[in-house]
């Protein structure tokens, strides 16, 4: 954990908060169709934590994943500038964000932002956005100022 | 307004709050692609108000509409039992929720729930969910207990 | 059936084709997550039939419903001007298009277009788009010429 | 091109077909909202080519990208086993599939499948799926047999 924190510019307290909050967020999921609980937490450069979980729908494509629920909250509550994204699931090895969520993260985060993926026991993998979504396009590609 | 409130089981104070909060929520939208600001507010039977706005994406289908942002927040923060849904836009006549959002509302609200649509001047239309999305299917259709 | 055809401007041959093709389309679904097969068929004013079925994804929101698969095919193959939309499922009473699909239909069809919903035995309901998605918005609302 | 073909198991004829068909598919897009034309082509191991283009909607999240239109067609027409995916746009450097589409490709293709991205002049980049969507999850993660 210390090496991870050092490599990605986080304090161990921040890392601990991300782990605990991502785990807790799982319990807030509405997932009667998949029974697959996902928790997500965003940490802003200003030090705020914003949580989300998956909210499913009888029409599957109307589902919103945990990461997009968290960004929906964060953006509409005025947060900008994200330092880390964490997700937690009940499987092992840890699950990564789906491609749709990687694209959502891309809209609001620098390419170097670490994405921390926790498994059911709190073990984790971590990768930067640019590794999880290489060659990506975002606001700049469409002439819109970056929201990162 | 008084007639509307009486017909739909709202107080005039609640109606006023919904109008003011839906209008205010528009300013929290992230919509650099459409420049179309939408605000949404949910009122729970317990008296809580939860706001949201549209959060767009360079990949258009990754966009989350205002209503779904609001439900994402509400559900993951533990709210259940909604008394009314309000949306506000900057056009006139007022815009209604898109079909995708009507399906999201369907997941969490009774069919009689009023959906209030405010235009740029605060004028409004109101229709029950069962009118905006007749013959709908929801959790019960898939053997899942209703979340309304 | 004859009354339905007369009311909605279809021939009984067209109606029979829609019923048979919607039923057949169900078998082409990829739905290992929901096991819910949906078939959809579009009939153009020029007399062409275009079929689709649901194509699901391990990330539920990446799923494309049957109706949207059919419109994706039809539009990119140059079809415009739709006379009827039919959907078929394995339940009874018949399932209706989800809200997201009603919005997709709205983009490409007149408000009076009949949407025919077949149950597992070929029994059906039929409603015009304007009834299934009242107060809708579409291309015109955003200053784009109608694609209907 | 010869080196690319050799590295990714394609013939130069196949590569030429992919380039020409992806370019041609752009003209079939329905994109009045973004004016951003995208063409996609799938090549199956059996030698079939299936094309698609983006089909947008007044409600942006109801949009279907070119890649997902092509897979919708291909899967419901019975194709399985894809050898390559090609996309073409009118910009340079070439645009890559959005994250949502990478997840769709993941459902139906081996991780080693090449994704060829053509720019407006037919120049290209190519990357394997496992590079564009590392650490991905798919059907197997949910106990469903791979559809690749």
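Remarks
Order of writing sets the chain letters: A, B, C and D. Residues in each chain are counted from 1.
The definition used in the following text is that a contact is a pair of C-beta atoms (placed from the backbone, for glycine too) under 8 Å apart; a residue touches a chain by one contact, two chains touch by 3 or more.
The shown structure was predicted, so the numbers you read here are calculated from the model rather than taken from an experiment.
Repeating the A-B interface, with the same residue numbers in over half of the contact pairs, is the pair C-D out of B-C, C-D or A-D. Taking shared numbers over all numbers used, the subunit A to subunit C interface scores over half, which places it in the same class. Per-chain Cα centroids separate subunit B from subunit C by 26 Å. Look at where the CA atoms of subunit B average out and do the same for subunit D: the two points lie 36 Å apart. Averaging Cα coordinates per chain places subunit C and subunit D 25 Å apart.
Shared interface positions of subunit D, defined as residues touching 2 or more other chains, are 33-34, 58-59, 62, 64, 98-100, 103-104, 106, 137, 141-142.
The residues of subunit D lying in touch with subunit C in their complex are 25, 28-30, 32-33, 51-53, 55, 57-59, 62, 64, 68-69, 71-73, 75-78, 100, 103-104, 106-107, 137-139, 141-142, 144-145, 147.
Against subunit B, in their complex, subunit C makes its touches with residues 34, 36, 91, 95-96, 98-104, 106, 117, 125, 127, 131-137, 141-142. The touching residues of subunit C, when paired with subunit A in their complex, are 33-34, 56, 58-65, 98-100.
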